[in-house]
Each structure stands twice: as structure tokens, then as C-alpha cells.
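Dropping the structure in here first, questions after.
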Amino acid sequence: MPMTRRYVEQLADGDNVDEVFLVFDKQLRANRNGNSYIQLDLGDRTGTINARMWNAGEPLFRSFEAGDFLQVKGKVQLFQGALQLILNTFDKFDSNRLELTDFLPHTQHDVSKLLERLKTAVRKVSDPHLRALGETYFIDDEFMRAFARCPAGVKVHHAYVGGLLEHVVTMMDVAEKVLPIYPEVNRDLVIMGVFLHDSGKVRELSFYRSFSYSDEGQLLGHLTIGIEMLAEKAKRVPDLTGEPFPPELLLRLKHFILSHHGEPEFGSPKVPMTAEAVALHAIDLMDSRIHIAVREIADDRSESAWTPYNAALGRRMYKGGRSPATAAGDDAD
Amino acid sequence: MPMTRRYVEQLADGDNVDEVFLVFDKQLRANRNGNSYIQLDLGDRTGTINARMWNAGEPLFRSFEAGDFLQVKGKVQLFQGALQLILNTFDKFDSNRLELTDFLPHTQHDVSKLLERLKTAVRKVSDPHLRALGETYFIDDEFMRAFARCPAGVKVHHAYVGGLLEHVVTMMDVAEKVLPIYPEVNRDLVIMGVFLHDSGKVRELSFYRSFSYSDEGQLLGHLTIGIEMLAEKAKRVPDLTGEPFPPELLLRLKHFILSHHGEPEFGSPKVPMTAEAVALHAIDLMDSRIHIAVREIADDRSESAWTPYNAALGRRMYKGGRSPATAAGDDAD
Amino acid sequence: MPMTRRYVEQLADGDNVDEVFLVFDKQLRANRNGNSYIQLDLGDRTGTINARMWNAGEPLFRSFEAGDFLQVKGKVQLFQGALQLILNTFDKFDSNRLELTDFLPHTQHDVSKLLERLKTAVRKVSDPHLRALGETYFIDDEFMRAFARCPAGVKVHHAYVGGLLEHVVTMMDVAEKVLPIYPEVNRDLVIMGVFLHDSGKVRELSFYRSFSYSDEGQLLGHLTIGIEMLAEKAKRVPDLTGEPFPPELLLRLKHFILSHHGEPEFGSPKVPMTAEAVALHAIDLMDSRIHIAVREIADDRSESAWTPYNAALGRRMYKGGRSPATAAGDDAD
Amino acid sequence: MPMTRRYVEQLADGDNVDEVFLVFDKQLRANRNGNSYIQLDLGDRTGTINARMWNAGEPLFRSFEAGDFLQVKGKVQLFQGALQLILNTFDKFDSNRLELTDFLPHTQHDVSKLLERLKTAVRKVSDPHLRALGETYFIDDEFMRAFARCPAGVKVHHAYVGGLLEHVVTMMDVAEKVLPIYPEVNRDLVIMGVFLHDSGKVRELSFYRSFSYSDEGQLLGHLTIGIEMLAEKAKRVPDLTGEPFPPELLLRLKHFILSHHGEPEFGSPKVPMTAEAVALHAIDLMDSRIHIAVREIADDRSESAWTPYNAALGRRMYKGGRSPATAAGDDAD
Amino acid sequence: MPMTRRYVEQLADGDNVDEVFLVFDKQLRANRNGNSYIQLDLGDRTGTINARMWNAGEPLFRSFEAGDFLQVKGKVQLFQGALQLILNTFDKFDSNRLELTDFLPHTQHDVSKLLERLKTAVRKVSDPHLRALGETYFIDDEFMRAFARCPAGVKVHHAYVGGLLEHVVTMMDVAEKVLPIYPEVNRDLVIMGVFLHDSGKVRELSFYRSFSYSDEGQLLGHLTIGIEMLAEKAKRVPDLTGEPFPPELLLRLKHFILSHHGEPEFGSPKVPMTAEAVALHAIDLMDSRIHIAVREIADDRSESAWTPYNAALGRRMYKGGRSPATAAGDDAD
Amino acid sequence: MPMTRRYVEQLADGDNVDEVFLVFDKQLRANRNGNSYIQLDLGDRTGTINARMWNAGEPLFRSFEAGDFLQVKGKVQLFQGALQLILNTFDKFDSNRLELTDFLPHTQHDVSKLLERLKTAVRKVSDPHLRALGETYFIDDEFMRAFARCPAGVKVHHAYVGGLLEHVVTMMDVAEKVLPIYPEVNRDLVIMGVFLHDSGKVRELSFYRSFSYSDEGQLLGHLTIGIEMLAEKAKRVPDLTGEPFPPELLLRLKHFILSHHGEPEFGSPKVPMTAEAVALHAIDLMDSRIHIAVREIADDRSESAWTPYNAALGRRMYKGGRSPATAAGDDAD
């Protein structure tokens, strides 16, 4: 593998390629003359490209699977308005020799700093039971590794490695700024709610080589998983504090997880019924909605005053820059 | 009228009363013996009380209307578990001699300080057109008097004199705190959106002697009224700046007003399509939801762990204080 | 207390009463002459009656609470078309001396036989892990006492002591009869699903002296509670089998609990995604719907061809007996 | 019975009454002294009044039923703000001696003229099969008597004797005026659709002594009944024409009945799928909506600029007359 | 035609073909050189295959229609990952010489045995009117031929010849097993409801050479058609019994047909209002839901733990076999 | 350009073409040999055709834009079942030399006559204020030019030049015919409501070279724009009448615009609350629904008894002509 990786987004018509890619899809096809060829979708964290190896048969086709990495050699060409990669040779590549983050999109923030901010916020919680509960998560290496890596969702726009952590830390920032305006809302509880509300996603999602749902994720969902994890952790707290975890406190934390989607029509089994759960829902909504809107606009590099229609959002976003008066004038000439 | 007013919430069984009240409702009835009597709902900003004048006929009944003020003399007694006021005499009272704020609930904040905070925030806006637009509202005395007085709604829980101003200023606080976390969102625009999003309520609502909707409010609504007011004000800006108000800026401001309810099902004719409109909606939602939740809990003085069911909210709120373990234990004894 | 209890439904105009009742509600009121009296709602498992003690003041009123039992003496009289009880004396009564089942409605089936049928069905399960799981519930005395007593809901029509157990055992009957028609559906799993699908209700509901929701029940709901209980029990299984409980089996059982309401609009966080979960939902629906319909008709003793409108059902039920031809004929005379 | 009936709406405090009324409801009650009395709701087509006969017992109470007519003697008095009738004596009255139209509200139009207009319009249809079909209804005396009498619905605002016929004839007027603007829409078909769309109501509703649903009406509804009646009539057509009724024509007529509610959410099993069915739905909607709006305004004799809130309409109607500018000015003084 | 038919699902790359197929679609196209060719979709009950005849012009193209049968000769080849059939010759084939069941999917049960079970169940009905009604259907040869052949729907998953009969007979099995548990529910009525609830489908659907809706089916639907058929049959009953068919019984049967979809949102014009209609709806739901779930799993031969996403179901089904613990472990490595 | 234009719908296989077309889309592509070619969508008001120029590179590709007009020479050929145009040469064409109406579909009515009918109807209004208001629109040349040209919508089925004017004038015809049937509804107001209800579309839509939404249209919508335009015009009325425009009249007109969509679910911020607004909504619905239905049937030239499925309508329309009896018979053979 070369020192500096050549990413899919850097490939251009006529380039010679010698690089490792992840196989997203594979098919064996026959052309009009009846000769078989292999067609692949190859990719890395910057995108995917269609690739073909002519005159290749079933034995070669069966020598690898989707999800494997291939070291490929070949040439880029333009076909029907899109680039494709014509392969000369390829070999399976050992994933242990790879930097996996090259193959999935990830947050642009420094994950270790995000983790530091998370821990600092939780350790400033004044209630000793809640603070100890936070530690039971922090000392669970497997959980923390997954939490640092987990995306916030599997769909294109929210999905990147570290997305969940970034979302949680930004929500903590919002909470720290906003809660002093509402003194009746308990800061300790909201900070813990922010930390834990989506924690079940580390088992709901599968995010090692691609983003998808685990069996458990599909059958149970992150609310149920998160509550089960919380019940486990709360049993560990007495080891740190010498006292049982207060039942009402545990109930309030579970209610955070169960109610943070806010409304039954958004999959919330319970509506928020504590002042803190109402605040958590509002903070979650604010961060996710603004994040999507800002990203939608930032990702569109066209010169149009509008982003393309986004079906998930149900709208286009207005970027501006073209005077509406002029636009109307066009018609009235 | 006595130096210090005796409010409805201060009346007790057996009290002799000599006070002015607002007539909310009046009826002429007959008892079983066929003698007619007058039954009234009298009130001030702290509540209402049922009142009766025995052996009173039609001429007296026609001498006043609901909405009038009456100077009444009589005695408080307990009847069927509630207090009622048995009247000896009453006379119409000139409303010019009254402090009208005694008769409608109002904000607990100092309105002049709220106005100061509003103006300070708007005057910190860096765009000169927007800043000048703010001034066109500030120099409109009739608007500012109404804006300082207008409630945020007519239903019991959000309705008090100054409620709209308090809501707007709190939203500005939230905006000032939160926007630095989202640098792509334009602060100037959001601050102006917060100021203007509900401005049409000063004509939609009627809030002099009671809270209700004006004809215009019922037939058009505050979104349409607010946009019409904005169009008027924007035409005044060139008097202050010497330049026409930029059309795209005006379009974005109108879009704030039209989209701030967020979703079609909540009466929003347009969904938010700029990053700033998305932020405005989120801030509006956060302040109104937390405000309701906190107030619901604060207003309930019962010892129950739960507030009474609130049909508008569709839920009860959990106040806590009773251990759920114990509660479950009760049943399992 | 007399040998044979005199129930509320047996009281008639003019009866002299000396009996123990549960206090459902209490109020201190004043009549027109200003004399205070105590008004109570007294009841047992057959209904409630309004009771009054004239000329009774605050000290007596404070000597008991709603939820207490009172030994009362007095006389029944007809007032405004309904019976009421005029009290001469009353005293608090020690609930330890009472048969509590006299005060709440309960199933007409023999609870011990229902329990026997439940155990027999579960013990016929062929999978040893599932069978052992059943035993971990059976040996939990506190759970079994609550399970035998718990109603299926708090609303009038499904609510009686033992209602949940009766519902579960009837569903088992349906499952035993129907599953041979669908050999691809695993009987073992469905039987366990029937047993456990509503098990969280033993903590969601409070059913000792009246039917209501516990704090935990309101904030979490029986799905979340049931899954947490199941996680606990599954950890006990290896003590009986010497093997860990198979993860896929546990996942399928949790999915039963989470999906048995069938559709998101009926509060099901997940739709049924296994053949057995689909079957469980259908069996649950069949038993509850037929039960309500049959009961609605049986409970109506009027001569009308129709039951009264039931708001929860959203309909009246047709009992028949009057020819529609005749009915139409009435109009055409 | 006097020559000129004294209607409920004409009764005033102090009147002596000797008149026949329809019994809408009856109850046997006891007063505080334990003496029983009979309480009745008596009425005619102008309204209802509460009536009481003191010191009357069970034998008298059982001597009549709701739905019977009573000849009553007594006196009107004002009680608790409403009129009530204190009865001295009453006797059952033979309904054969009564003009039943005195007891149910009815159309203000001349029913025989409405029938004439209906027949004229149908007989102008050019298609001989459709014209003959119309005759099969016209020669069915039982149907025509019911059709001339049937209300359009049982709720207060649309419900009066002859309401259905009035609605159908007005719709025919609209159709005659509007269809020439849309020459592609077949006039013959629309006229027959207007005639038949609600014809099932003559068996769905019961309208002899009060307005209610028949058993068949509740279990099947007027769409199904109307189609069944149409199938019967179509079989009679060959007796008149000597030819079988064309199947496609019959299909289009049945589709009118099934689709005239327009949308599934308004109970339409099928959406309109012919141009004529689309037109019929639009005409039906136009007449019913304008009729309700006009009537709502005409029925309100208050001086307010608004009608009272109508829950069925989901709104108040604006009558106007008060300047909105003034209304807003009130608040700003 | 060969003795043993060669089905579409048996074709493989390189096969020479001489077989009769049904034409599902035909097009005349031109290739890049401007030469025209015929492209066809050919099929039988096991699937369809794309076929092309090169250098074929308009006269040949017009010599047959979609819906015809063609005897074709040619060769199978792999093209772009799918099989296609290159035709050398083809001729129209007389459908009278064909076994039509070869060309549409059909039930795997023996239709004559299903019919026997249907008749047996209906003939066990104790009410003589209902039993006679059943016979009026059984002696209607045209109805019975259609009923034995009709699919339960036109969409892929429920659609096969005999599907309706299989569904009805399975529902009768469920009813026989379950009804003894609910003795208040009348068995006779439910059995007749099961028989007749979907009987209108024999005219709603068109299922001779393909599955689609008839004109009548689209404009009226099977509920209306089924009720009209029932009205006809009920008139024949007196020929068998010598007595008129009881009106209430007929009303209850029509209500079955009209209410068996259960809820307005599933196209049920009336909700079930008799205990038997409630039971019928529950049995229908149970059989259709379990049938779909079991079939969805059985039809998927992939090794995945999940079936593919089914848009009609709105879900994937879990087949299991892969441990969720392992799946989660993948991610946490 | 030739005397008589050759439209897209007139092109046939083998035609030589020398004509001007509008460029709807352009792409630069490469074929399998790596040679680049230009692919275009060319069109006029009768449709679009795919065009290719082989061996054409980037400089030529950049010499024009979508939205330009090109004079093209080439030949029509059939490819894959559709016509395409192989270009030999093309040149940009000056749009000033073109009749733009050749490139967008337009109403089949004479626009000047439609305008005449509009003005006549408005000038017959008896209220002088309303009549003067109409003139303020008529004397605004820019508005009238746009109003005469504006389509009623951008989607295929309602979209053509002059569509809005045609819709308004047809609605006026309906109003003139229908209003005499409802004398309580004010004709003057309804006529003005018809004129103005969609007037904001002249700025909401962009319709010079294609049909789309303006920025203002997307962010505000035609209701808000129309009310703003009305507020402007009402201020001009005193110049004509010497009196201020009556406030209640203005309020009623604004309410027309805001409520004419009828129901919140169809984007109506207010429901109709005056009798005239109810009538306007009904007239709008009638004309748009009948127009769509009639056009859907007229546009379908297939021999099928049904139009193709129209997703916007959510249905197919029945054209008839095939006997349903025969259709059903097909199946029963």
C-alpha cells in the first residue's frame, strides 16, 4: 500500500490505479458475446466506483466476498458520463494491515478531545450517585471504544464514525449554556440524560465495516437496549459509593431513555413527564435539526439558490444569493 | 376603594367584603319559591367567585353588563364545598379610577427591564438594515405599548399580561447562549426572527379587559397580520438608512414568521427552509415546552407525586418525592 | 362484621345498614344554613353509594382518609332518583380483619385452577431452556402472588382481580387449539410468549385497594418492566440447567414483549418480526376483542336491541331480537 | 285540543297550559323529604320543556312510555333561569287524532312542489332506460311517501321532515345550471345520481316520531341499502321498456351511490372514478356546505359578530357588522 | 408439446427450448444499426423470462397479442446477469389444447378436498335457514367453479389459483377449534360468515389468464358485490325450506360482509357490531397475518438471518440462526 | 425558421429535421470507445425528444446552456422503441425572433376574450368600493400581463399558459349560475373572491420559459403574496372613490385568500368562516376536480376502459365502453 492513500474522490479519467478498496457489491455477468465478466462496487470513505474485470469466470468470482478488501490494479475511464475502473488484476488484502477509518466516513473532530469534554461534564455533576454511575460507563473499555466510534444513524446524512459522540458532546454544550436560564430544571439529571439517551445505539448498530442494524437492534431497538445497559451499570454503583443507587433516580434516568423521542408518532413509547425529560427532548431536537440544516447547505456546492430536494427532510433548503426580486423580474420581462 | 386591594384569592368564609370586581358573567334566576335572584361570576387577576343577590329583579339586572366593574358589599360563606359571596348592595364603578392590571394576571418580571433587554439585543445586531428595522418598531408607540402588554395566548396556562414579551426576551437569552455553538447560523437574523415571529399577536388578540381573539385575529391569524406589519415597517427603513431594504433580507424575515410553527400539522403554512428558520423554531419550541412543564409543576401544591392530568398537555407531570420501590411494595404487601 | 356481607348492589330504599365499606372519596361541605356535613363515596366490589353525615365537622372529617375502611350505621333513602346512605355513626375498621376481595371485583374463575392450567401448559414446553425459564417465575412467590391477582387493565371493562391470569390462560387455550393448523409456527415459543407478554403489568399496575398505575408504571410502562424482569430471570436459568440461556432465544422472547401490541399506533415500539410474534399478537387481539364484545352484551340487561354507546369501543353492540323489517315498518306506516 | 296549537316556543312564565305534547324522556324521582315525583321532557317541533308532577308514584309513572303523547294541564314557571311546567293532570292521547308534523321540525318548502320539480327533472332525462328507472321509483308509493318525508340526517342542523327531498331538488337546480359549463359531463347520469345518491336513507333512518337510525341503518348504512334498492328497481325496468337495463349504466349508477362521499376519510368505500361521479360529489358538497353555513348564520339572533362555536362544523361563523379596526382599537386605548 | 412441461424456473444458460409460453408483454424495437427486433416477456406459473427475436418486423409483430400463447423455439443465454431467450421461430398456440393451470400459480392443496371440507362444515350448521342458504350457493355451478379458482388477491404474495378457497377453509378450521372456548359466540353464524365474507371476490377479480380487477371490481368492490349476491341467494332459500329467510338473520350476514375488514382505516364501511362479526374479523386477521409471515420466511432461500424488506408488510422477517451476540461481537473487535 | 413550425409531436422515424427547439437538459458523455458525445433533451410545447451529436467535445458543449434555443439539423430514428434525433449541426438561436408560446403549452381559449369576461363580471359588482378595487388591478399593466399568462400550477396536468385566467373565468361562470339559488350569499363578494383567490400565483410561479417556483413562491407561497398585493391595491382605492376602503370588506377579502383551500390538511391556514368563503371554496373545488377528471379522460387515447393510474389523483378514471358483464364473463368461461 502506498504511503499516501489515493481515495475514490481523487480518481480521474485515464489514471492508472494500484490501491486497496473495500468490496461493497459483486456480480458475475455475461456480455453480448456470451463472455463472462466480473462487475464490482469498490469504495472507501470518500465514495464508491464501478469496476469491471473482463473475461473473468466463476472460480475467480468465488475467491472473495463482499466486505473483503482487494488490492487492485487497473485504469480509470469515462463511460456513459461516469468514471469506471477497468481491472487488470486484484488480490485479497489482509484487513489487519489496514487503517479501517480510511474506509468509513468519520467525524472531523478529534475524538479524544470529545471524550475528554464528555468526561469533564459528567464529573462536574454534583450528585455522587450520578457521578459514580458515569464512572461505571467510563471504566467499561468495551463500551467506551464502541461509544467513541458509533455513528448516530445509518442513513447517509447523520452517519459517520464518531457521530454519536459528537452529537452528545454538542448537546452537553447546549445544556450547559441554556440550563442557567431555567433554574427549576436540574442540571445534573439533564447532563446524565444527554450522556445516556442514545447509549443503546452501540449495540443497536453495527459499524465495523459498514453501517447497519444488528439483529438485536432490529428486534429490540436502542431504547430497550439502553435501559438494559443502564440497569446493569446501576448495580455496579454501590461498589463505588457504598450505597444502593436511589430508585427514584434510576427511574428518572430510564424515563429519559424511553421518552427522548418526544412524541408517540416519532417512536417514543412514553412522552416526557419530568421537566428534565422535556428539556432533554428539546435539546436533542435542537441539535439534530440545526445539524442537518447546516450540513445540507454546506454539502451543496452547486450555484443554485436552493439545495436539491431531500426526501428525508421533505424539503429543499434556501441558500440565498439570488435576489427574489430579480427572479420574479425574469418572468415579467 | 381601599388603599390595599382585597383579592379573590384572599377571601375566606365569614369575611365582610367591600371591594370592586370585574363581572365575568351574569344571570337572572328564580328559586323554588318563584322569587328571582341575580347570580354573578365576579373576579380579579387572582381568580373568580360565585356571587348571589337574593330578591333582585329585572331592572337591577339590566343596570350593568358583563365586562363592567361593580363596587360590591356583602359577606362570604361556604356553600357545597365552595365559597360564595352573598351581596347586600352593588354599584357600577368607573373603570378610569381603576388599576386595570389588578384584574388580569400578569408577568412577574419587570416589564420595563424586559423592554430594555429586548432593545439592547436588537441594537447589537450588526447589519444596519436589520437594526434600522428594529427601530421602526421601537418608535411606534402604539405597537410597543401593545407588545409590552400582550399575552402569548388566551388559554389559562400561557395567558398573562406581558407574557409575549417575557417569552421573546427569554428566547433571545437562549439564542445568545446557543448560537455561538452553531457558527454557520446567522445571529443577526435569528435575533430579528425571535423579535418578530409572534408580533402579529398584538392585533390577533384582544387583551384589555379579558383575553380573547379579535375579528381580524380569528379571520386572518397572527402570521398573516405579522407579515403585513413587517411589510409596512420595511417601507419605513429607507427613511433611517437612506437605502432600500434588501429584498432577500425581507423575504427571509417573512419566512421566519410563516414557518416558526415548524410543521404543517401545527399550523405552519411553510416548513423552515433556512438554517436560521430551523434554529428559530427549535428555540421557540424549547422555551415554550420547558416553560409549560416547569409551571405545571410549580402551580401544583398538592402532596401527590404527580400533577393533575392536563388535557392540553395530554399528560400528568411527575414531581417525584415518593419512592417507586415503596409504591410497588404497597401493592405487594 | 356480619357472617354474610351485605353488598352495595343489594341495598334498597329504606334499608337499615350496619356494614363495612371502603372510602373512595370524602368531602366536607356546608349546606344553605351554613351547617357543615360530610359527604362520602363508599363502596365494595359490587359498586359505590353516596353517603352523608349531617352536622359533622372538621375533627371527625380528619379522623380517616380515602382508602380507609369504615364500619358505618345508617339508613338508605332515595334522593333525586338515586339511593343515598344517611349515616348515624361510623368508625375506622382494621383492614387486617377483612377479606379484601370483597372490595374489588374479581374473576369468576377459580384462581388456583387457572394457575394449575398455566403451569401445566408451560411445563409441556419441550425446549429445556424455556421450561426452566418458566420455573424461575413459578418459584418466585412474590411474582406469582401478584400475577394471580393483577387485573389486565385499570378501566372498568377489563379490570378485575385475576383478570390478567384469566386472559393469559384463555390465550393459552386458543394457542393450543390453533397452532396445530400452522405447523411452521413454534408452539414452545408462542406458549412462553403468551405467559410473559403482559408480565410487566404486575409492577405497572397498583391493585391492592384500587386499580391504578404505579410511578414506575406511568414513567416506564409494562413493556420495559417486563423485559427487565425477563433479563433477571434468564440469568437464573443456568442454576437450573447448567447451561447459559441461548442468546437468540432470549432475543425472541424480549421481542414478544416489545411487539405484542402489533402496530406502532397501538403503542408497539416494534412490529412483530418473527412468525411467532405475529401469532402471539393475533391471539392476544382475538381474546381481548371477543371478550369485550361478549361482556358488553352480557352486561346489558335492557330490552333494547342495542347496548348503550361505549366510548372506549367507539360503538354500540347489536343484541338483536327485534326484527329490522318491523322497525323499518314503524316508519312507513 | 284547541283549534290553534300552543307550541313550546310560545310558552311564557305564568301561562296556564292545556295541550298535547310528545314525551321525550321520563324519570321517577324522590325529593329530600322522600316524596316521589315524576319528571318529564315534553316537546313538539319547536322545542322541549322540563315538566314535573309532584307527589306522583310508580303506578302513574308506568301508565305511559317515552314516545307516547300526553294531554297535560298545568302551569309554566321560571326555575333556575329556565321555564318548567308544573303538571296538575295528564292523560295519554291517541296519536291517530294528531297532526304528527306538529311534533317534528319540517322543511319550509311545499313538499308537493318539490316532488313535482323532482319528477320534471327526471322525466327530462333523454336516455329511455334511465327515464324508465326513475318511473319505477315514482310508482312505488311506499318509497315516495318515505322519500318525501325523510330528513337528510339525525343531527339537529340538517334534520327536518322533507330535508332529504329539499336537498335533492336543490342539487338538481345546481346541476342544471352548472352542467352546461362542462359539456363533457353527461347530464342524464348526473341527474339520476342526484336523485338516487342518498335514497337508502329512507330505510337507514327512522323518522316517524323522532329521528334515529333503524337496525338496518346502523348495521348496513344507506350506501349498501341504496344499492340494494337500485338493484331491485333495475329489474323492473324491462317491464316498462321491453329491454334489459344496460349493465354498464347500472354499474355507473351503483358507483354514484358508493362514491358520493368523495374520500375514504369521509366514509366513501370508493373514490369517484367517473367524470359524473366527480361532479355529483362536488354538487353534494357545495349544497350541504353552503346550506349549513347560511343556516348557522340565520339561526343566530344574538348581536355578536360571530355565531356560537359549532362543534360539528369545528368553527364559529363570522356575521360581521362590527368593524375590526374598532375592535382592535378597544384594546389599544 | 412435450409430455412433461419445461417450466421457466427450470431453464438454464445454454438450454435449447421448444415449449409453449404465455405472452405477458410485447414490444417492437430497433437496435443501433436501425434493424428492428421483437422483445417479449414470456412466462408460465413459475415465472417470466425476457425473449428477443432479431431482425423481425411489424407484420410478424402484429400476428399475436399479449395474452396469447406461443409455441417457441430458441436458446437460453446469460445477458447482463440475467437469462434471456433468443428465439428462432414461434407460432400461436390454441389455448384449448393447454392445461391453463400451468400458466398461473395455484394452491398446493387438493381443491376437491378443500371443497369437501367447506361443504361438510356448512352442512353441519344447525339452523335450517342458514344450511339451506349454503346449498343455494353450492348448487350454483358457475359460482362454485369461480369460488374454487379465485385467488384471495392480485398482489404477488396472496395471489394464486384456489387461494380464496384455501383461506376460507383454513379459517373454518380455526373457527371450529376456537369457538368452543367462547360459548357465547354463535358457531352457525360464524361458519356462514367465514364462507361468505369474501364471496364477492369471484366477480371483483379477473383470474382466467392473469390476476387483475374487473370493471365491476374497481367501481364497486367485493363487499358490495358480495352483499348483492347474498340478497339474490336469500331469495332462493324459501324454495328449499318453504319459509321466508328470517330478516334479522339476513341482516347479520350482510353485516359480516360489510364489517369484516374491522376498522374504517382498513376499508371497512362498518365496524363489527355483533359478537360474531368481531370473531370473524379476528379469525380473518389471524389467518391472513400468520399465512403471510410463514410464507415470507419459507419463500426466502438466502442464508441471511432476515428476509428481504417487504414493502407491503412494511418490514423484514427474522429467520434467526445467527447468534446476535456474535453479530454484536463483530463490531466490537 | 420555416413558415409553419414542425412540432415534436409531428416527428416520425426517418424524418430530416431543420427546426428550432428549447434545450431542457444537456450532458456530455463518452461511449465505450472513449469518444465523447453530446446528449440533449430538446422540446417545444408539444413534448420533448432525446437528441445526440456524436464525436462532439467540451468546447461545443460549453457554447450553450439549458434554457437556450438551438437551431438544429439532423435525422429522426427509432432506438430502443423510442424516437431520437441524431444531430449533424446546431447553432444558438436568438429568442427575440421566436414566438415563445410555441415552446410552452397554453390554454385553448382566446385569452383576450377571457380577459374581457373577467372585466365584465367584476364591473357588474354593485358595491363601489369592490368595483374600484377591481380597477386598481386592471390598470396595473404588469399584473395583468402576468395574470393573463400564469398557469394554475407547475405539475403537468394543470400547467399551461393562461391556465389561471381560464380557471378564474370558469369559476365566475359557475358563480353566476349557482349564486341565485343561494340568495343569502353575497354575489359581489364571491365574484371578487374568485378574481383574487389565486392572484398571488403571478409571483409565486415562474412561467417565462418553463414552469417552476420563484424563491418568494417557495418561501412564502401564493396566499401570503396575494394578501400583500391586496393590501397594496386597497390603499389605491381612495384615489378612485374618494373614500377609505371599508376595513370589514378588506378583512373579508383577505379571509377569502387565506381560507380558499378549505381544510387545514389541504394547506388552508384558516377554514372558511363566512358564507361567501364557504361558497368560494366549493366553487374552486368543483371547477378543479371536474376539470382534472374530464381532462384525464380526454387525454387518454388508448382503447382501454380505464385511464392509466394517475399518482396525483390516486386513481384511474373509468371511461367505459366495455361491458362489465362481458368482462366478468371472460373469467367464467
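A, B, C, D, E and F are the chain letters, set down in written order, and residue numbers restart from 1 in every chain.
Here is the rule we go by: contacts are C-beta pairs under 8 Å (C-beta built on N, C-alpha and C of every residue); 3 or more make two chains touch, one makes a residue touch a chain.
The shown structure was predicted, so the numbers you read here are calculated from the model rather than taken from an experiment.
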Maximum distance between Cα centroids and chain E occurs for chain B
To bring the C-alpha trace of chain C onto its twin chain D, one rotates it, in degrees rounded to the nearest 5, by 120
Residue numbers at the chain E-chain F contact, same meaning over half shared and different meaning under half, come out as different
If you tally C-beta contacts across B-F and across A-F, the winner is B-F
In whole angstrom, the CA-centroid distance of chain D from chain F equals 42
Residue ranges of chain B touching at least 2 other chains are 215-216, 218-219, 248, 251-252, 255, 273-274, 316, 318, 322, 324
Chain pairs satisfying touch are A-B, A-C, A-E, A-F, B-C, B-D, B-F, C-D, C-E, D-E, D-F, E-F
So, in the complex, the side of chain F touching chain D is made of residues 170, 173-174, 177-178, 181-182, 184-185, 247-248, 251-252, 255, 271-275, 278-279, 281-283, 285-286, 289-290, 293-294, 297-298, 314-318, 320-325
Per the touch rule, the chain D residues reaching chain C in their complex are 27-32, 34, 36, 142, 145-146, 203, 205-208, 214-216, 218-219
Interface with chain C, chain B side, in the complex: residues 77-81, 305-306, 316, 318, 322, 324, 327-328, 330-333
So, in the complex, the side of chain B touching chain F is made of residues 215-216, 218-221, 223-224, 227-228, 231, 248, 251-252, 254-255, 258, 264, 267, 269-270, 273-274
